[in-house]
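Labels for the chains are A, B, C, D and E, by order of writing; each one numbers its residues from 1.
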Amino acid sequence: MLYREAGDFKTSYAADSQTFPIAFDRYRYWAVLAVAFLVVPFFVNDYWANAILVPFLIYAIAAIGLNILTGYCGQVSLGTGGFMAVGAFACYKLMTAFPDVSIVIHLILSGVITAAVGAAFGLPSLRIKGFYLAVATLAAQFFLVWLFNRVPWFYNYSASGQINAPERTVFGVPVTGPNTEAWAQYLICLVFVTVCAIIARNLTRGTQGRTWMSIRDMDIAAEIIGVNPLKAKLTAFAVSSFFVGIAGALFFAVYLGAVEVGEVFGIQKSFLVLFMIIIGGLGSIFGSFAGAAFLVILPVALKLVGVDLLGWPTDLVAHLQLVIIGALIMFFLIKEPHGLAQWWRVAKEKLRLWPFPY
Amino acid sequence: MKDTVDSYVTADGRTIGGVMMEMRNITLRFGGVKAISDISFDIREGEIRAIIGPNGAGKSSMLNVISGFYHPQEGEVWFRGAKRPTMKPYQVAQQGIARTFQNIALFEGMTVLDNVMTGRLNKMKVGMFGQAIWKGAAEREEVENREAVERVIDFLEIQAIRKTPVGRLPYGLKKRVELARALAAEPKLLLLDEPMAGMNVEEKEDMSRFILDVNDEFGTTIALIEHDMGVVMDLSDRVVVMDYGRKIGDGTPDEVRNNQDVIDAYLGVSHD
Amino acid sequence: DLVIPDLSYRTGPYAAGGTPVSDGYQDYFNMLNARDGGVGGVPFRIVECETGYNTEKGVECYEATKGEGALIYQPLSTGITYQLIPKVTADNIPLHTMGYGRTSAANGEIFRNVFNYPANYWDAASVAVNYLLDENGGSLDGKTIALVYHNSAYGKEPIRTLEALSEMHGFDFTQIAVDHPGQEQKSQWLQIRRERPDYVLMWGWGVMNQVAVQEAANIGFPMENFIGNWWSGAEHDVTPAGMAADGYKSLNMNRVGDLAVFDDIKTLVHDAGNAAGDGSNLGSVLYTRGMYAAMLAAEAVAKAQEIHGVAEITPAMMRDGMEALEITEERMAELGMAGVGPAFSVSCADHGGSGLGIVQQWDAAAGNWVALTDYIAPDDSVTGPLIAEDSAAFAAENGIEPGCS
Amino acid sequence: MSADFLYGIEVVINGLMAGVLYALVALGFVLIFKASGIFNYAQGVMALFAALTLVGIMEGQVPFSHLINAIFGTDLHYFGWTVPALLAIAVTVVIMIFFAWAVQKFVFRHLVGQEPIILFMATIGLAFFLEGVGDLMWGSDIRTIGLGLPQGGSLWIEEATASLGGDDFYGFFLDKLDILATAVAAVLVAALVAFSQYTKQGRAMRAVADDHQAALSVGISLDFIWILVWSIAGFVALVAGVLWGVKSGVQFSLSLIALKALPVLMLGGFTSIPGAIVGGLIIGVGEKLFEYLVGPLVGGATENWFAYVLALIFLVFRPQGLFGEKIIERV
Amino acid sequence: MLDSGEQSVETLLEVNNIEVIYNHVILVLKGVSLTVPKGGITALLGGNGAGKTTTLKAISNLLHSERGEVTKGSIEYRGEPVADSSPSELVKKGVIQVMEGRHCFEHLTIEENLMTGAYTRRDGGAAADLEMVYNYFPRLKERRKSQAGYTSGGEQQMCAIGRALMSRPETILLDEPSMGLAPQLVEEIFGIVKNLNEKEGVSFLLAEQNTNVALRFAHHGYILESGRVVMEGPAAELRENPDVKEFYLGMSDEGRKSFRDVRSYRRRKRWLS
């Protein structure tokens, strides 16, 4: 068996707290990265990029963001769509106001702006908890969407209120606008995902992560042992919104290229990202990826099977799709309430014990 | 009230210092319920102070007042010679007061190690950006604190369950992890709410040993609530007895044991 | 094959609108296949893709179908249209947004691959006002017109035009926004009841239409003074309100009625079991519109074949065909669709068609729409400058050099 | 009295009525939350499904006809009969009870003791599922409910009050449907309050919400309680679906009324039946008045977000909502 | 009902060699067998994590919601397997469990909590029994209108026990009843146990850490370590066993030793070596 930790001794605490304590996991991680960076860009075409990879990567960032807030800090938020909109509009305003500044900086700044907005909307979380908070975050969702729809300054007074991403380049290669090629779209998202995931992992494995988790698991006890709840919650809102904002900006600038706020960043988006982290696994970075992959790929796969393979009418397939996705969500929750990430962990635990069942 | 200045030496040779914490005329009401009425007592530097009394007497509420979770309607809390203003619990914790809880309050989603590490949150200074980068300051700090935590873990003999999520642990071990978390904060004053509940004699012996050692080795002052009279009488230097929110006795274990009010209200038959 | 993707939505909040359009669109192509073997001897192949009116699914559908040699996209959603404008430009595939989408795309010098003939929202607003002018003996001075609109990009489209028109003709113009989805419009209609505008125009979609018609009836607003645009004037918008909806008016860009071509569709498609839907929508407003769109596409195919002299055309050739499209009364009659739309011709400078529309009225007892007018022309002097301004802004933002090459 | 003032009153009254309609949806939420701690996102879809089923049965539509036709190449649509309203309602109620049973048996029984957010997710899954099934069963056309419920402004009230203001005042507008809804809601609330506060099952229901495990251990059958509660919620959904469906036709968007009920719930408290009504009234009046007074200044369409913001403001002062059970925070 | 005093040989509850696994991977009980005779008080002793709670939950079928399952062995109540009965059916059959850690219904008042205990009853005697419980626990009567969530730990413990009594059970599974109770209350509770057992013939299976008291009141005892039964016998015998004496009763040869004097390293339990 390859998968063993025996012989894989840790000699320092630093080694013990690394992300993949088991050597085999570490190799797999590097292999995945290598394929993602060095192989995929050469094979990716428009369909793969636009229908699967780019949305997957962007949703993964959003899911990581929400996971920090909900999975790690325990504050359920249904305002993700609204915060993504903040990122998108911030990016649009920056792109059009400072055309000469690099898009990468704009993207990061969009995250920063969203972080500020997110922290502001996180203020009530000090008093309001649980589902009350979840519902309260809808105030952010509806208000932000309304605002972006209502105030022409945000969409540069265009007639319809739509925003369009002009062409911007990185190292001379266009990454936004109509002339962007699939691989460039894919790569910029990949870079952001990778950096975001590493940052998220670093934040969650140390003090900050433990502060958040203590608030999540029992906020009163956390406060009594010395956690400042306001600070902990606001940082969670801010960091989470930072990621979500970047995701929103990428979603607009790189993926869609044009956005109508109510349609793209409506409440459905908030739910979708929440699904991702719950199906993937609350409090798990890997789960954010798994959940995003699952919910991006599943509908496409179901459509392929239903329409292309079986040749059924599209509306029937779409309805069945709802039935199947709904049933699958329930099935997954029943089988493993802690998400795909937990599945993976149990599988590994079994593998480690193999061939003994326990 | 006892003389608050003098220090004294106990029978087994430990020196008890001056007053560290003093509760003055504390009254705490919840709507119509008076959980604590006009209670005063003090805790001295280095001593083990027990609070006993029947169920619902207000013992846990008193600990909650000390740790800033409840704010009494009347009375003052003096800590290290100064009157403590109304504080948030986390500010109290930052002053060096750590505690365990009667209904275990561990962070169920985290491993034992992480739980104990949370005890050191106030010792960690690297900011968020440092942590985001990890390499360098954050990692160094993590390792330093991890070492301190490992010492606590060794001390309490919970090495084997380091990486277990606490949700899976049996009750008794959870109590021990809670103690570890409190100890990791290196508190000056340690508050224990029924640390031995749900343990058998063997485990109580272990726990007693830990409590004594903490007191001995680190000089930590300890206030504990306990219903096992054997433990209370053996471990504590002085005992406060509460009943229905009132104080009905305060003194050395022997004094308390022979106090008729205490016998009537709490001990029933004499215990030994 | 001539590949025609159909980005339909038969599910979700707008299914009731999306289904008949898609049925009509597909049935017409199928009829051509059955009757003429397609166009120029090449059959059509329809690739249906369900978008659910959702932008991301729209993008997915676009990417999934474009590889098959898709000749023309008709996404039937303003949101998806905006997404596809840059993409089709890069991929050089024509996009036809009939009576929706980006109005300023009528400027073909800037939006080379986007067509929105025969009419757009700004035309619609102007047509409605012209109709009212006509009703009022040429003057709207002192009248008030309220616009009830879906609070989205789509709903906001006519505002500028109406503002310009109100200045020009001296009527008072009030805007009343309804938030998505529009299930609850009490405030809006109480406001109308208070302010008693002379006319109410509506830019609605989905459930908003049904609720608005019902609420108008509830407050007793005279139905004949209530005019919806062409996305607020289908049968299902008025039937839930029953008899109360009688007299409600709406614009239309295609005339409804018994067209000769329906016989062919019935026999060759429906009876042959090839209907895209259950066949029950035949002849309805939106079905006819879908069919009309298909006819315009088929005509453009024929034109492209004629220009380039090949039968198996490419998307780029299709674009040329669309840009050279010419629809005459005779041709429509020949196709069995006399008067279904106005006659118009397309050019590089003008992708927007003639912009004509009719006003129709609901007859609740008979359960059908009755055309009240002939095709009414919009006021190009109002819409023209707006189009020029908006498209120029787009060109500037995206570094596009206007021109016909 | 000045016309403006009277119009203000009219807005308030209509806000109250709209609030009642919101509350009808919120009631279903409250019931299920109270009995199981499940935040039932599917309540809106249940309303849609119930209303669709009612119409489908009344019109004698063949369920799943589209699917059957697609698979077997048949051409089924209608049975060719129509069913009287009362019978159709009875059948629909039976179907909703069956649905409650199935939900319990196949889903929530297996999720006993899970965290609230997991249960919440499961209800979202359920919402998808039910939406798909509803569409498959009855198609996605817009349907009209033929129950002949009254609708339109009450002329009597309008005429009786027209003389109150000056020339600019046209009398109060009150929708007959809203008046009916108010009556229905009042009856429902009274019945539900009595049930949950004064019966054994009501007490058991609240016990279950607090602690599934403990409820099991004292012998409360979660299955029974939950089926009971979901059935009642199904019935409430039917009522809400019908009343809303009359306004807009029965169609997909009915499922979105859940979003109008959420601020109501939040304001009234997730666990309080009277709270649902009071919350509904406050939200109804609040959002209508805001739209009336402030809306014109900021461009209107404020109702969606203002309802949430209003609820949020209340929550900051009472984190458990006006009537919700106090959140117990102890160590 | 059974005559008091006479030890019946009829077994009420029989646990046969059960294995319990949590989360599909954590093996907790490795073959536990025990019997509870009708009208007896059986004590289940053992250290932290020995598996006492798990055993009780396995019997009352409460494992399911904790993602645990019985993978081997069988449990029979009055000769019928219980694996397929839901917890509420078991309560109807007369088996009720008082869970470790109180588990009161926080938002219900004390009185409502007690009334939920009578949920399965059809005989209408709940009111009388409420008085009985208040007699046992006067403190509860004082706090009857308070929400359980706001009562002290001990009050909640009383509430949990009282609630179980309200169902008039035939068998009570008591998980750590003494935990967090003041000493005289512990005596009282065991007095109640004894009383019910003798007067009403209620059988008990109690998991206890307070070995001292448990063995004083129980008839029979089992000692569990790491998921296995390591010792069993009549309570009186166990009380005299030197190992039990040392490790569970805290008695050394010289009598009870002070908690201050246990710092030296102790001998290992013989049955584990």
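We take it that contacts are C-beta pairs under 8 Å (C-beta built on N, C-alpha and C of every residue); 3 or more make two chains touch, one makes a residue touch a chain.
Predicted model, so just to flag it, every value in this text is computed and none were measured.
Asks: Going by the stated contact rule, which chains contact chain A and chain E alike?
Replies: B, D
Asks: Could you name all chains that are in contact with chain B and with chain E at the same time?
Replies: For chain B paired with chain E, the chains in contact with each are A, D, in label order.
Asks: Where the centre means the average of the CA atoms, what chain is farthest from chain E?
Replies: C
Asks: Could you see whether D-E or A-D has the larger number of C-beta contact pairs?
Replies: The greater number of contacts lies at A-D.
Asks: Comparing centres built from CA atoms, which chain ends up most distant from chain D?
Replies: Max centre-to-centre separation from chain D belongs to B.
Asks: Measure off the straight-line distance from the CA centroid of chain B to the CA centroid of chain D, and report it in whole Å.
Replies: Once rounded, the distance between the two centres reads 50 Å.
Asks: Roughly how far is chain C from chain E, centre to centre by C-alpha average, rounded to an integer in Å?
Replies: 75
Asks: What's the distance between the Cα centroids of chain A and chain B, rounded to whole Å?
Replies: 42
Asks: Which residues does chain D have that touch at least 2 chains other than itself?
Replies: In chain D, the residues touching two or more other chains are 66, 114, 135, 140, 299, 301-302, 304, 330-331.
Asks: Mind pulling the chain B residues that touch 2 or more other chains?
Replies: As it turns out, chain B has residues touching two or more other chains at 69, 101-103, 105.
Asks: On chain C, where are the residues touching two or more other chains?
Replies: Residue numbers touching two or more other chains: 10-11, 15, 19, 151, 179-180.
Asks: Between which chains does touch occur?
Replies: The complete list of chain pairs in contact reads A-B, A-C, A-D, A-E, B-D, B-E, C-D, D-E.
Asks: State the interface residues of chain D toward chain C in the complex, per the touch definition above.
Replies: Against chain C, chain D makes touches at 7, 10-11, 14-15, 17-18, 66, 69, 73, 77, 135, 140-142, 144, 151-153, 170, 173, 175, 244, 247-249, 251-254, 256-257, 260, 287-288, 291-292, 295, 299-304.
Asks: Can you list the chain E residues touching chain B in their complex?
Replies: Result: residues 22, 26, 45-50, 53, 100-102, 139, 143, 146, 150-155, 157-158, 176, 179-187, 209-212, 247-250, 256, 258-260, 262-263, 266 of chain E touch chain B.
Asks: Within their complex, state which residues of chain C touch chain D.
Replies: Checking each residue of chain C against chain D gives 10-13, 15-16, 19, 151, 175-181, 183-184, 186-188, 190-191, 193-194, 206-207, 210-211, 214, 217-220, 236, 239-240, 242, 244, 273, 278.
Asks: Could you pull out which chain D residues touch chain A in their complex?
Replies: 39, 66-67, 70, 106-107, 110-111, 114-118, 120-122, 124-133, 135-136, 140, 259, 262-263, 265-266, 270, 298-299, 301-302, 304-305, 308-309, 311-312, 315-316, 319-321, 327, 329-331
Asks: In their shared complex, at which residues does chain A touch chain D?
Replies: 70, 76, 124, 127-132, 134-136, 138-139, 142-143, 145-146, 150, 220-221, 224, 267, 271, 274-275, 278-279, 282, 312-313, 315-316, 319-330, 333-334, 337
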